[in-house]
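Next, two complexes with chain A in common: one pairs it with chain B, the other with chain C.
Moving on to the complex of A and B:
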């Protein structure tokens, strides 16, 4: 494939002024949201941004750890991309701290009537302020620590060229996977499911995980293509993209599978204690979003990437990835937004939040593009990865 | 960086070892199909086929006398027969996962073990399919499950997961059989070229469909293999998901869990991998396959067992947590009953064998120790059977009302049928080991060439 070298954007390090402007504009819109549309709308939108941030950052860490745990060599030249994407992880701390203020506004178990509710009353030993905040603290601590081990360690290896760093990261990866499974599940149950605390679905942690990994692979693919097109990933070819596309395709199916089975089982059993959750998300104004999710989060990327050539083509992979990321936003919107009651809560406030989180996230990621070399030059398997060719 | 300067933990062992050659592999595989088997084989197959016969006798007696002779009762209307069905479908997932999914992930270590893994899939499904057929209340009408033209004026209920099951299991069995057979074709051609007896040559000629192994055939072949692999992967996910829906679409506490589909698939793969470890622990020494199925293969298989054990642990944790979190007294009761009820040993044993015991495999030493891996895998096989026992029996034996509480006790016929199915499986496996190429030679040969090249380079250096 051609890698026409494009000029380096002048402000690649500091972040482009346009991104700063967009972030500021978004922040202004957010303030206006609080004042005009009310705190509930504000906090629901903040929560959507928070959940997506966690999903993309942890999905990126998952991709990194997955490569270590499997001992994959083809992906070594690409590994710096999800590592840089994972630079979003430390930013979870401030966003989470702000999100704590949403607890009294949004969550059903914090409402004054909760103690009188027979179902919620039984859950108070799990859903109470101290324990809830403690769980969040543990989760965030685990994530930031894992980021330090997996990413900071890898960037340091650029200088030291010490293969023992690879051993350390490979040893830590299984531990990380276990911690990720527990913390991401706790996060999903706490921050999304417990919005309506009487509802439960034991696959919900996996549901959020599937979306997180799918969107992170999409983000990784986009960033890889961006760097490739600027000639910064010499040696990375369509064959590497093919593998990324294959992973995206596979996790798209996985998300579709989890989402469908969760829906099917609750719809089929039709038990009032759980089906109300889906009813709020599949009827009225949300019916369209639900349909969009089914088609857009599954069918579009599935058909878009099904052929061999489509996975190798950077153009195809590029638009599918953009679409998948958009669908992750739709997915989290679909999960969170209906707690505000009937109707589609979509308008300028959501645009402002999207501008803030997207532009802010891009600022973090563009800054991270200066972190270490473009490929992990200290990794002993880099050469193997660069020699990777499909049969 | 050269291999020698790498830390020991990062070095990769070759996939074959010792003095292996292309011709040597062919001779080795052919040897087993041409020679008279050792005496132990006759002893083994006598035992297994007699066990199978005992199972069939029990089934025959059950059909004659009625379903009352087995332990099924009200409220436990699903007994051993359904447990065995789910168990065997589970064992049957190994072939696909090892052979197909690892193939899609281009894991070359699957090449040497894929053939036997696929064989276990096919045989396990033979055992599995027997059970729904003998479990239907009127065993003379099993074809009512199959949608056929409507002349009889009755139509199956497409909203019933039992019907989805018929489709899922039959499709998966057909495709697994085709996939297994497709892989065998080039090896049949090799056997055809060298078979000593005329009959054998004729049979292999028929089975190899005129395969000559020219470039054109290989191009089509590999494309077909890849496409079939892709389709089989989706089927593998679907089949146990649908088996899980037999339970999960109901409203029964303990069965209605949204985690069931992926949890059943993972459990199936788990028991399947354990089954394959068990088979290889014996076959690789008895049939002297150590140079092709090395300790590295066993190590990797055991890593898969460990990984799946961790996922199972997650699933159990989620079930336990959600049972509590649901705040539903019936769900809470059923799950507590799994580990604290009258048959507390069933749930406890399940957790111990599936979650605790496999943690031994974190240690590299144990992943390469045959006694440990046999213990763990045998434990997992029993544990996964116990898991289905827990799900089927313990969820059913306590109804919503005390009047629908009962106790389940299997009879000797239940055990005869269970052991009979194991006998049937092992008999089929022994016949396979005797008469068909146990290693996919055409897939392992590139690894041998690669190994020879590497050894030659190392020799020169």
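Moving on to the complex of A and C:
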């Protein structure tokens, strides 16, 4: 275990120049997108980045809370990894504020003709500017507050070594789970479903949640492997990776189950008010993306992690995790992009947005890699976790 | 005949002690080691250098076969053997079969796991392991952990194995001998067969007798047994003892005027539309038309169905001359009784609503061929 301690010098927190350059390049491409490809493309791509950011950040908080709520000891040595990943949470605030500007451009219920639509007219009590913005404010406040309790509290425990902090986090975790279920569902309905507000799917919040947790476990596995390979997570072994791989495997099946359930019900009922949403996403240029999602988001990680040894092998877990993160991007692209009409809206603007959000996110996460110790040294269960073996 | 040695066994107090002893005994040249523990000890496979279990491969294979078999069965029944259109879906409606495929995969994987582990790999029911005849096994089923240096291809240095186990701290050392592998005689087969037949007979006759002696117990019969008239059943309530009464002679039930004509053209001559042409009647007709008729005849009655072409429906264009010329009674008869592939709607649309639909069809026809005075 390294003995690097807080506080860091400010110079050490600047991050890699390559990442800064990539972020700047992405930002320039985004400005060009607005000017050349038009505001609709710009806001759709911004929304994709926003949704993925929320998914990964909240998924990381979910993993942290899951460990507290189950009283897991095996995960204590690597719990700092999802905690650091959750450092993306405060960055939801600026990205969400910018995203508010997309409301008049993208969302069907803000368009002039919305009041005449009989379905949308019934939803005006829920879909109106003041209530929509109030919901966003409440959601973001809950998320940032939860981040403060679960992550900032855990990092502070490195110094204080106060076991009562563990009790606080364990007591807050069930509350967070309920709040997460409500806020993430509200977020999914507001920011993804209501793009085409006449469509409804009750299961949609769970769908986004499944993708969020899957991608966060993948990101956690990648960061854990990165730190392990650098010798910064002494005591974390293939047995810990086995559990991470098991979680990733399980949530991959969960995502497939939820995604297919949502598709099957609407395919079977074939109601014109519902199937138009899937029709736009499964025909024409999106048919390939849909097939890629079914195979890539479910079959590939399922077969990639099905054997016992594959979950222990850091190489296998590494490439499956990279692939799962890529599929999460494809998933959100598949959800949001078709609102721009027929065809595949994929080109240099999407590359620019990907560069901005990926490099920017990596800057945040690499900065967070200096937050606190590499393992939660103040947690009274750390020793149990370090001695965790499958036998 | 001298008994041949199966192995030398010793007991340990904990799983950790057992795990620590294994490499040391192995280092002394005893490769064929067996361990007996009261519960599964993780890492034992690696320590004993056991071959990787084939159970996972077997489960994957059987699960995959079950998945493909379920698909094939659904595909064959739905597209080849009994191609029935369901809910407007294509014959090859594979998304609906995925549930069956998943459940079959899970069922057969689970059965393969259980049956494969117990019977194929653990060879149950097999009580011939010589260890079961040892003194040590009683302790193993309680709280001790046994390690056996077993004979390798019939050869074992008994003194050396005993010494090796004692050196690593094993207690209660014991030599276990092979049993004599006599084949079961005729008497064993007779006993076994008799037992199976007797058990089957007891179970079968017992069930038969229990069903006859104790009819099905119904804990709550309130819904099933209640004072009511059953159709087609005798009943003491009415004087004539029937459960179902005929209407009195010369009467008809309200809102179910029977259609006596057997041909629509006759109905066109005998039936008159009782409803006036008012906005309310037309609105009533439009609601029923858009609900029941528009799916095939389109909202304007032009006969362009909204259904997929696989439905193979060729609805009549209500704007054509013959339909315009047909009497109201003709249309009413067709809506009620159906014609060609069109089903009757008597059960779905009330008589007055059917007459309103007829009025609305007239309005649609006029809307598509309006005289000049309508366009003022």
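What we mean here is this: the second predicted complex is superposed on the first by the 378 of 391 C-alpha atoms of A that agree within 3 Å, B and C clash if a C-alpha of one lies under 4 Å from a C-alpha of the other, contacts with A are read in each partner's own complex, and residues count from 1 in each chain.
Note that a residue touches a chain if its C-beta (ideal position, glycine included) is under 8 Å from a C-beta of that chain, and two chains touch if they have at least 3 such contacts.
Since this is a predicted model, take the numbers as computed values, not measurements.
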Clash or fit, chain B versus chain C on superposed chain A: clash
Partner chain(s) touched by A:159 [first = chain B, second = chain C, both, neither]: neither
Touched partner set for A:170, first chain B, second chain C, both or neither: first
A:178 touches, of chain B and chain C: first, second, both or neither? first
Contacts of A:383 with chain B and chain C, given as first, second, both or neither: first
Partner chain in contact with A:370 - chain B first, chain C second, else both or neither: neither
Which superposed partner A:268 touches (first chain B, second chain C, both, neither): both
Superposition-derived comparison: chain B or chain C, residues of chain A touched: B
Touched partner set for A:342, first chain B, second chain C, both or neither: neither
Which of chain B and chain C A:148 touches, first, second, both or neither: neither
Residue range of chain B overlapping chain C upon superposition on chain A, of 55-63, 253-261 or 325-333: 55-63
Residues on chain A lying within both footprints (that of chain B and that of chain C): 264, 268
Chain B-facing residues of chain A, complex: 71, 119-120, 122-123, 126, 163-164, 166-167, 170, 177-178, 181-182, 185, 189, 198, 200-206, 253, 257-258, 261-262, 264-266, 268-269, 271, 273, 380-381, 383
Interfacial residue positions of chain B with respect to chain A in the complex: 1, 5-7, 9-10, 12, 234, 237, 241, 245, 248-251, 256-262, 310, 314, 318-319, 321-322, 325-328
Of chain C, residues touching chain A in the complex: 19, 41-44, 56, 60, 87-89, 95-96, 98-99
Chain A - residues contacting chain C, complex: 260, 263-264, 267-268, 270, 306-308, 389-391
